[in-house]
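In this document, chain identifiers A, B, C, D and E correspond to the written order of the chains, with residue numbering beginning at 1 in each.
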Amino acid sequence: MRTVSRLTQRVERIPFIEQEDYSLLFVLPGLFVFAAFMLFPVLYLVGLSFTDAAPANLFAGEGSFAVLTFGEATFVGLKNYTDVLADPEFWNSFGVTWLYVATSVALKLGLSISVAMVVTSDRVRGRRIMRSLIILPMGLPAIFTITVWRSMFSSADFGLINQLFEQFGAEPVAWLSTRWPAFFAYNVTEMWLAYPFMVIITVSALQDVPEELHEAATVDGAGFLARFIHVTLPSIKRPVLFAAILTAAASFQQFLIPFVFNQGGPARANELIVVYGYREALSFSQYGRGAAISLIAVVFIGVFMWINVKRGKLADGVSDE
Amino acid sequence: MSLLSTVGRKLVEDTRNVLLTPVEAARDIRYTVRGVRNGEIPPTDPLKTVGATVGALLLVLLLLFPVYWILQAALSGTGASLYSSNGLSLLPEDPTLQPFIWVIGDLVVPAYNVTVDIPLTGQSLVFSTPELTFLDASAHGVDRPSQFKHFLWNSVTVAIPTVIISMCLIVPAAYALSRREFIFRRKILFLYVLMTQVGGGLGIALLIGLYAIYVQFGLNDSKLALAVYYAATAVPFNTWLLKTYMDGIPVSYEEAAVVDGAPPWRVVTEVIIPLSTAGLATVLIFTFLTGWTEFVVAQTLLTTENYTLPVGLYALIDEYSIPWARFSAFALTFATPIMLVYLFAQRYIEGGLSFSGMEG
Amino acid sequence: MATLRVDSLRKEFDNGRIVAVNDLSLDVADGEFVTVVGPSGCGKSTTLRMLAGLEQPTDGKIFIDGEDITDVHARSRDVAMVFQNYALYPHKTVRQNMAFGLRMSTDLSSDQREEKVRETAAMMDIEELLDDKPNALSGGQKQRVALGRAIVREPDVFLFDEPLSNLDAKLRTTMRTEIQRLQDELGTTSIYVTHDQEEAMTMGDRIAILDNGILQQVGSPKHVYQNPVNEFVGTFVGSPAMNMLDVSVSTGDSVCLTNGDRFAYSLDGPVAQAVADAEVDSARLGIRPEDVAVSREPAESDIRAVVEVVEPIGSDNYLYLDLGESFIARVAADIEPTRGDTVGVQFDESDIHLFDTYGFSILSEKETERSPVTA
Amino acid sequence: MATLRVDSLRKEFDNGRIVAVNDLSLDVADGEFVTVVGPSGCGKSTTLRMLAGLEQPTDGKIFIDGEDITDVHARSRDVAMVFQNYALYPHKTVRQNMAFGLRMSTDLSSDQREEKVRETAAMMDIEELLDDKPNALSGGQKQRVALGRAIVREPDVFLFDEPLSNLDAKLRTTMRTEIQRLQDELGTTSIYVTHDQEEAMTMGDRIAILDNGILQQVGSPKHVYQNPVNEFVGTFVGSPAMNMLDVSVSTGDSVCLTNGDRFAYSLDGPVAQAVADAEVDSARLGIRPEDVAVSREPAESDIRAVVEVVEPIGSDNYLYLDLGESFIARVAADIEPTRGDTVGVQFDESDIHLFDTYGFSILSEKETERSPVTA
Amino acid sequence: VGVEEQGTDADAGGGESSNGTDSTTEEPAGSATAWYGLSDTELELREDIIAAFNEESSHTIKGGNIAEMQDRTTSAIPAGQGPETFQWAHDWVGDYYERGFVVDQSDELSVDLDQFTSAAAGAVQTDDAIVGLPFSAETVTLIYNADIVDKPPETFEEMAASMEAYHDSANGKYGLAMPFNPYFISGIAQAFGGRYFDPESDPVVGLDSEETVRGFEFMLDNLVPYMPNDPGFEPQQATFAEGNAAFAVNGPWYLATLNDSDINYEVTTFPSMDGGEFTPLSGIKMWYFSKAMEEGDVDATAGREFIEWFVTNEDHLLTRAEEQGHIPVLSSLAGSDDLPGPVRAYSEAVDQGIPMPTDPRMSDVFAALEEPVVQIFNGSQSPAQALAGAADEARSNWE
């Protein structure tokens, strides 16, 4: 009896905002908007992937609502999925994509950490200005930068990179028309696109490394390399890991670089998964199939993120111990 | 209000610091030289500093080389191409600022007539403000400057609602996720981290679906609708980011405010928000950037008169040729504000990204 | 001005797995200054936070001026709290920090608030800091501002959570007297939590000793110092700590305490009676360092001990004797044996404390005062 | 095992705008334990960091065992440092933390390192913590590990930078004796920086007092306590601080100190002579709280003072008297006047300290010891 | 000038959504949207022309420079958000008509198709429907640098000799600059009688025919060695525009770039090869009647009137020819002496070539050909191999 009355009394007297579960209300608007814009299209995509949608039938109905109900496209069950999974091009694309994720993330991490170390080094004067200069690429639209890099990687003898090669006496390389040079070019470009974000995160992380740890290690007799391995790296591990996971997902979904460079060529050899999907969907006008590919890609990237988020405990916060 | 004045003061301070950098550097050099001369500082010491700085500069130059390459093209004037068969030249042959003038166009504050009625006399005074011309494009041989200012206006009117809407969605959610324990909290957090990237490249089909929905609701060609879309895509990552930042703010500030008698909303406005400045600045810039460089959705949803800068940039290209000089000048003009903003917001961003709360 | 009463307060955490505060009852008279002291994790902060309304008690009630405020929201209680890390709003100036509570909990006009802040600042001698941000202040200044922020609201009760523990030793002493002076002047009922027993002793009208969430003893500092109810209180209060020795008790014709083969100490008078009444055969003997008399030339009847360490603290010397683990004698600065010297040790029967094997005081007839006194 | 010599060390910051350490010279004998004490910002840490090699001196030289190591890199100096906030590597286990220095600076095999770590851990009583991460440890345990990490390397010199200031009072005392015990055992030359004069006094073979980057006095704790060379040292060392009173000096037929209309104090003997020789007409009189004798019934010749506050600390009482601002007398616990009582105050001529208006001791003939002693 | 710019600006920004069928207003003045994707050099003239029309007519045309025409039209038109008309080459005629993106307006037209060259007239029709009106043609032909080559080559041998004489890739000098993609090389690929795609013949796909293979082999042997190593449009055109190539194969859109540079260029016809005639695919630029015209309201009228005016206005067409090298397809202008020399040369080239088939399957053929062409250029596949693959790919898309 007493507990009950006290409980009701408490409910009355404490403003609702303090009651923990009502706090969900704060999160819902964002969640709702996000779901409306991201989840709905995903559902649409799921629907599309079970049809034989193509421009001819998808747009056949009257008005835009018909598009939402897939026009006159017909239900084909899992055919799109089985087709895709049976396509050797898909598996090539799949393999190249993961390889690309591995190499580009390694490169991005290496570059960003080195750059971040340099622009936070005590010895370097004008660090702040340098830091704001080097993030400039972040302000340029990706498609622009990629077009520019495409020009630098021109296979022609007078392509910028080839000219630089020439300065050092090397033979010009047919960058975009041979498989691995093209793959390399993708990686370099990806690295350049992603480094500003990664450097920002790494710089923040580096500035949080307690100076005393470095000093303790110095007094303990550790040289630069040992300090880097034993103090710096472990201290920046979590933020950098976080950035790495994000950027891995970005690499996985890279579309513009291969597309602008050589459409995932030569001969579809470097077709990253999104390019593959795009090509299937648009060049060959098979939206249903394209949707299936997109979804397969999403599932893989989702699983990849899920594993990493779990393992890196990224969803945990301080109050969760 | 006080927040604004704080920001203003910080800006002034930063500007002064930036401007005083040379003075400080000169002092530094004098001191070092004297030290070396007196044998107090071993000569290797300044050499190391110089070496490190030069090395860092080289690295920065190397990283920014593509940007320089673009700039070079922009300065080369019409006919410039990034594919030059004339051999490697690091300086434009006869540099011209014309492409930039073409981008910026006239900078003219038109004349206004200010009319002041003088009471009782029935007369009025008319002041004419002079027309202020900062830059007259036609004087530099540019007859028809780009629509940069128009696109800029569009971009700004998309970016500002984006920032406002996303802030409204993100801040309360981040606060709740950081401070309260409620059902589904961990699930939502998890979903958000997961969705920070997965949402991205769903491809063209997603675009079709999205476009169809927009049209269904009559929202296409609405800059506001585009802003809502950008805000939605910005929600997961930025909510999570801000939440992480807020985790690092000691709870005792809130408790102090509560004991001081502050109602919950005052706690938020007077304590939480001001204390999260760094995190908020970071999120602000990230949400701003979301829309600032986005191209595909903007060009699908908007009609020509509402084109944002990236779409405007792309409209410069036709099927067969890229006017590299103007194209590059446009892109660079477009990117510079980001760099300036970063220069001044640097300490907030670097503080706001420190993941101080991440150590679980 | 208010009385404060706490009635069998209990606080559990983690669904009852942790009992932070257990059945705590306390009466604080109007204007009294009670210090709460105990080792880390004993529940001091939890208690204070319940008083402030920041934690909801699991059980028990809290009364201010006789009114049950257990379920009143923190915001509506008229208490002010000073936090360990000051919790000054870093983005507000000192003036704004101080005025904040007034803005929130009163409907004073801006001028009136300004006036009050000025007055309080004058009292705290921080007038010239009013326009600074907290980050620009030194530790002591911050502490002053934090106090000022609490004082300006003129609350019913002040709550202090280890307000001085972030200051250095010197400043701590200064601020200590400052707080005492203020409390004298204002006469506001105050609860002051600290883990530093010296602070608790010097500042409190009464001192409450907590251990493991349980209230051990409440009383005036001197009373507690002289009559600890149990071994915990005995060793916790006083610095250096009370020396403890295991003794076996023989209650034949004379009551005698024997410490292994080191010494046998015969009791008589009321102490002997009390020991005999307790009917124990082993006990812990407590003796405070300053009650250990040391002579350089051991007399026949003296207990002999070897000096292990001599620690000069300027005014006195601490001698570490081999009678027990860190057995300390505090002697005058001019008694300076060297390491390894054998000295004679004596202690007065009236200075002896005896605890049974459960830690409770055997000489408990001394324990008279347990009800609150009003100052 | 090594001697340490510091020769007119100077450190400037901000291109000479800040002089953190100014012309500091110090000789430390092999195995000696020197504590460096001073208020916050006086340059203690900077000095220590120069010894460790973490800062490059602007001027001056540092010798270890007679060898000039001023330009030797920190990594190659055989010193170990214990940091204020422990600076344990958070991602390494205690074992790895301790072994790290060995891995870096010696070429011991993994087994040998393991063996050494085990031994040291046993000595520090942290064996069962070896596999924990620092975050799982309590403050005291962390401190032990930090010490262990320094000890295991068997360096020439130990450097301690306020290693105990993050611990609570109780733990501080325990760790204090622990460090002393260790240093006794190991006999390693040590420099120990602290801002807590009590810590400095009790721990150091010698104590060096720094103020404003300048070395004020070096000597054994007791010597410094009794013969402060200037007012700063006098008031800084000892707790509660030395009471200071402004007096005017009249050197007629008899030397007499007058404090306004409160008292006149005639001197004779060597002190009078010294004062007369100094030819000053005003001075600051210092008297330590424990040297102030208080009688409840003021005799005719006594200085009269009113009691403002009585602060019991258990073993003694502190009486705040109205003779000056926080003028404290430390009296036995049984002298308990109440507030407002008038008491008689006396002090012995031999306990008096006198400083001239620049703060320097007038009775400087007492100042004999300035050169280092070896313990 | 700034004022003028602002004027168009306000004009463009102020309008309401264009497809509102506001029948309550009596005013016959409609307003229509026209989309085009032009480079900024062409854009100025286009805006001037539209302004001129708006001046003359009671109707209003709002121009829109679109970045990705295909993406925009495929998403906007079915959603009812498309413009009244858009400008593109005629290769979408079949496909878009099939999808219902463009509509037949033959009943409404007041312009007779006879006014245009036959190729142009044919290009805008599919299944007897007229889905737009043509205004210029485009194709590729040979251009030479008159500072390097004295006179137009009469025979391919002459041309080869000139290329050989000038070519020195180590020093950035090339014999020929020709973007190596299906469209630009079509003249040579089809020179020996091969056809990429011919809906009239059997088999319709001629990619793997002996003749086509021969065309590719010819290029591989005689042209590719003199070309910069990057098949892309940009590098190839830049090489010639910078004066580093003796010859170029390019279209009329290129003339604007060349006029900007100080190259002393001449446009000519591609010399006949041994057993082969240069047979490029030609495209017709046209204004499409987009789906929004279906309703037949005033806005549609506005759009149609604008198109009719645009395609028949000789003044403007001439200006376009003079300033930007557009090849008019209005019979009265085509081949006329009023045209500047280069444009006349192109005009002749158009006659040499064959119009791009309007069959919707054409785009699939192009898609299938794109990659193999690059393969051939790189030498990673032989023409026969690559083209067989391309043909299979194209056919497989229709099953």
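To be clear about the criterion, a residue touches a chain if its C-beta (ideal position, glycine included) is under 8 Å from a C-beta of that chain, and two chains touch if they have at least 3 such contacts.
None of the values given here were measured: they were computed from a predicted structure.
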item: Contact-graph distance - origin chain A, target chain D; value: 1
item: Inter-copy rotation, chain C to chain D, in degrees (Cα atoms; steps of 5); value: 180
item: Farthest chain (mean CA position) relative to chain D; value: E
item: Chain at the geometric heart of the assembly (C-alpha centres); value: B
item: By count of C-beta pairs in contact, the leading pair of chains; value: A-B
item: Intercentroid distance (Cα basis), chain C paired with chain B, Å; value: 56
item: Approximate Å spacing (C-alpha centroids) for the pair chain B, chain D; value: 54
item: Between chain A and chain B, centroid-to-centroid distance (C-alpha), Å; value: 21
item: Cα-centroid distance, chain A relative to chain E, in whole angstrom; value: 38
item: Residue list for chain E, restricted to those that touch at least two other chains; value: 79-80, 172, 228, 230, 232, 234-235, 239
item: Two or more partner chains touched - positions in chain A; value: 15, 18, 58, 64, 67, 151, 154, 156, 158-159
item: In the complex, chain A residues that touch chain D; value: 210, 212-213, 215-223, 226, 230-231, 234-235, 237
item: For the chain E and chain B complex, residues of the former touching the latter; value: 1-2, 5, 9, 12-13, 15, 17, 33, 35, 37-42, 44, 62-68, 71-72, 75-76, 79-81, 172, 174, 228, 230, 232-235, 237-239, 241-242, 244-245, 251, 253-254, 257, 260-261
item: Touching residues on chain E, where the partner in the complex is chain A; value: 74, 77-80, 98-101, 169-170, 172, 228-232, 234-235, 239, 364, 367, 370-371, 374-375, 377-378, 380-381, 397
item: Interfacial residue positions of chain D with respect to chain B in the complex; value: 15-16, 56, 58-59, 71
item: Touching residues (chain side chain C, partner chain D) in the complex; value: 39-40, 165, 168-170, 173, 177, 180, 195-198, 201-202, 221-222, 225, 237-240, 288-290, 309, 311-316, 318, 320, 326, 330, 333
